[in-house]
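For clarity, chains are labelled A, B, C and D in written order, and residue numbers in each chain start from 1.
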């Protein structure tokens, strides 16, 4: 089997599914799964199809062109085609907290997260040892950041990302704010984990804020980064129950497993091309 | 809009989706949503399509025949077509515990469960007042049951079900065992709620068994009734956390809300034709 | 058995538990359960003790005085003593949405919520029929509210509350804002249900805000009302998972069961005297 | 602060709390937290007290004797006293699946699980590299097991456990059955993780059984091992939602995080002396 994934959206209209699936069928693909969503408010249609191209009559490199010519053009469809055997190149940004990084490295080691980690970038030099321990051989870059060298630091980061042809940036508890320019270069390609149930407790110190407010559940939110802090399209959220017995430090510690879980689920959804972004929200084809 | 639902299954093969959706498209239906599932072990394909037939070129009463002739026959597809405006006729069986019955009656009053309740049947005469209070006007039947009159009682029940053309039987904490014959007449049309996380604690007194075993979560399971007790295809399950502080009576009381929730979700899935049964398991197109 | 509940707090110091429990023991009470919490930041101590007074050497009406004289005075303890057989008088305020009201009435009918509902007050006249249907005999008051008669309306409400000696006000989806004066008269005695996971989506239309933000979980929060809207001490919160398939109306409908569950749990905790409020947060002795 | 923990149980009777806490108070301890449970069916009383002994008038080595003489003897109390600074010596048994082992090693590295891991014992030689990678310096023992050498293998294991004075055995997905004799030597000191929601799917291949039964939630259960397989007192359980889309392999993979979470919570409760076993069930003072 040779799996391919088609993600598309267009104005809702009759015949989309018939035309798309007939194209695949006539060219001898086998549809493995299919999901669709119609948004009635905006009159938009969204779809994800997994299909087996091992006997496909069109060559891999021509699928895009043929699909455009035969189907997408007439219906004004926006689409992307992915091949399962083409792994995504990723970079992980991390600051002092290392639990999310370690979790990703372990899951990458066992192929629970199936990507090419090309670079691990941190403003904390201590992370180098973590990388060495859990994934010897991965490239680590220490880029110190202070208020005077932010531009330079981002320039260095961008060079690394471009050199390695990185297509996915994971902010695994990265506590530095990225510039609008930086973010605009990687639209819907930067996954952040925020340690609260957004939109509650945006910005710094969410566990302190949660503790002070006396909430009975704490949350974690994984989202695509946008120019506005903690405001990007939400991919995944979850919560755990706490009580008055938990100190602020307890929240920080108990939240670690939650953050790991939410971030790794979001990364997995992205790697499997199960996410479409529309109107600042995500459609998750799971 | 005039919504219709097509549920189908067949041996997995290329072209199913293309042929089904092309049939709908050519006849001017608009596909509202579509879900599919391929079971690789058994090589079977399952699908649910919601489509708008308000401009359909085929008359409502002919859709079945036309779909068979043009699509289903060649692909050897098993299918059913439902129309949203045709409400299902249901009967509710209940014994002494009335919480699930009340919940269904309330949800039916507000159309959260959209069906025609044709009869409420109980082996407890006290239920009559419950019905009068929460849904005045519904037909109630008291059928007393003891070990000597079981056959007669079932005969009476079947007469009622046939008279009212009942297509869905809800066992809302009904504590009598139905005969194999009775069950075989309503295959995948009898929804039971069992007050445990099946297959743990099958049979009588599951809360006592759960208490004695010292579990930390209690569950409820809604399933289609089959000839083997508590063994039918599971539609929905859920659990709540308990502790050593909970007595057996606490479990009974705390389980009530859980049972209501699980049963009403299962009924809703059935009413919306979102369930396919295969190999003693359910496929839930939600 | 004749259950009594002691709720207390004071500056943390050695010997509190010993002195309190020795007082109970010497006077022939049997301690049924006991919970305590020390807040290290504020150096405060909180405690709840349930004890059986059926053989207590002190008369019921003297317990308060004797406990003060013998224990509380020296340790500067703030305390309250409740007797299980003294039901709390409550009033329910409700606007157009009736699901929480119905749930409370049903749970009160079956003693799952053990209180004396003295009055149901609504600014919607249609609620009268709901009350008649589910709890015939309860006193209903229709008090219409517009921007010109708010003061007068509150005056009427307060008269009712005082006439019936109401000690607990339940805002069961009551959409009017109460004045600071009103709230100050019932400190920690007004339980509100807000249909979001506070502090996210405070104020009006939380389901619309949640829909627009694209959250993956929606929540409900029950809290004591304070002068600042949706800012009072949180008693209970819970969430359910939603997806991009849910419309704003779906959120409203799916949230109903959640709101009922969260509100009724909060009421139950209050009725069982399991809540202490400190520093704008609750300590839940459960 | 120097924390000590007292765990006790006895026949329920008046004055226990008063006498225990007065003993602590008179000797200048500060009670940090206290939990109790009365089981009305068996008329037994259970208690856990955390107290600060930094200014205690009794020497550490005499507390046991003094408490017995002054309190426990007269009330016929069974008790144990623990000191927070005395770490528990543990051994981890593991077979081919390494995810639980790795999770424990990582949590031990960061003191999220606060114990002395004295030995890691496996019937799979490949585990040695895992130990070296994640916790260099820990002692690893490869003890191969086949049907002919079971007795000898257990003898070797017991020698290791005795040599290292091990007081807690963690079966981190250990797939060999221990003999009754072995288990009897470590009553309530062997924590197992079973990959199902017990008592559903006891014994081998629970994920296969869960898949075949078509459950909608899968679970994990951590319990003390007893002579009867998967029948010991349950410490912790949890579940995650699955669907018809999940294959048996998906269940195995998705269950990994669940097993880790449930096992590490159970270990933590044990290490913090929060568990009392009574009537084959656990009382969790959390």
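A few comments on the model shown:
Keep this in mind: contacts are C-beta pairs under 8 Å (C-beta built on N, C-alpha and C of every residue); 3 or more make two chains touch, one makes a residue touch a chain.
Keep in mind that this is a model prediction, so the values were computed, not measured.
Ranking A-D and B-D by contacting C-beta pairs places B-D first. Taking shared numbers over all numbers used, the subunit C to subunit D interface scores over half, which places it in the same class.
Averaging C-alpha coordinates per chain places the centre of subunit B 42 Å away from that of subunit D.
Rounded to a whole number, the gap between the C-alpha centres of subunit A and subunit D is 37 angstrom. For subunit A, residues that reach two or more other chains under the stated contact definition are 37. Subunit D makes touch with subunit C in their complex at residues 14-19, 21-22, 24-26, 28-38.
Contacts from subunit A toward subunit D in the complex involve residues 102, 106, 112, 133, 253, 257, 261.
Of all the residues in subunit C, the ones that touch subunit A in their complex are 37, 40, 197-201, 213-217, 219, 233-239, 243-245, 247, 280-284.
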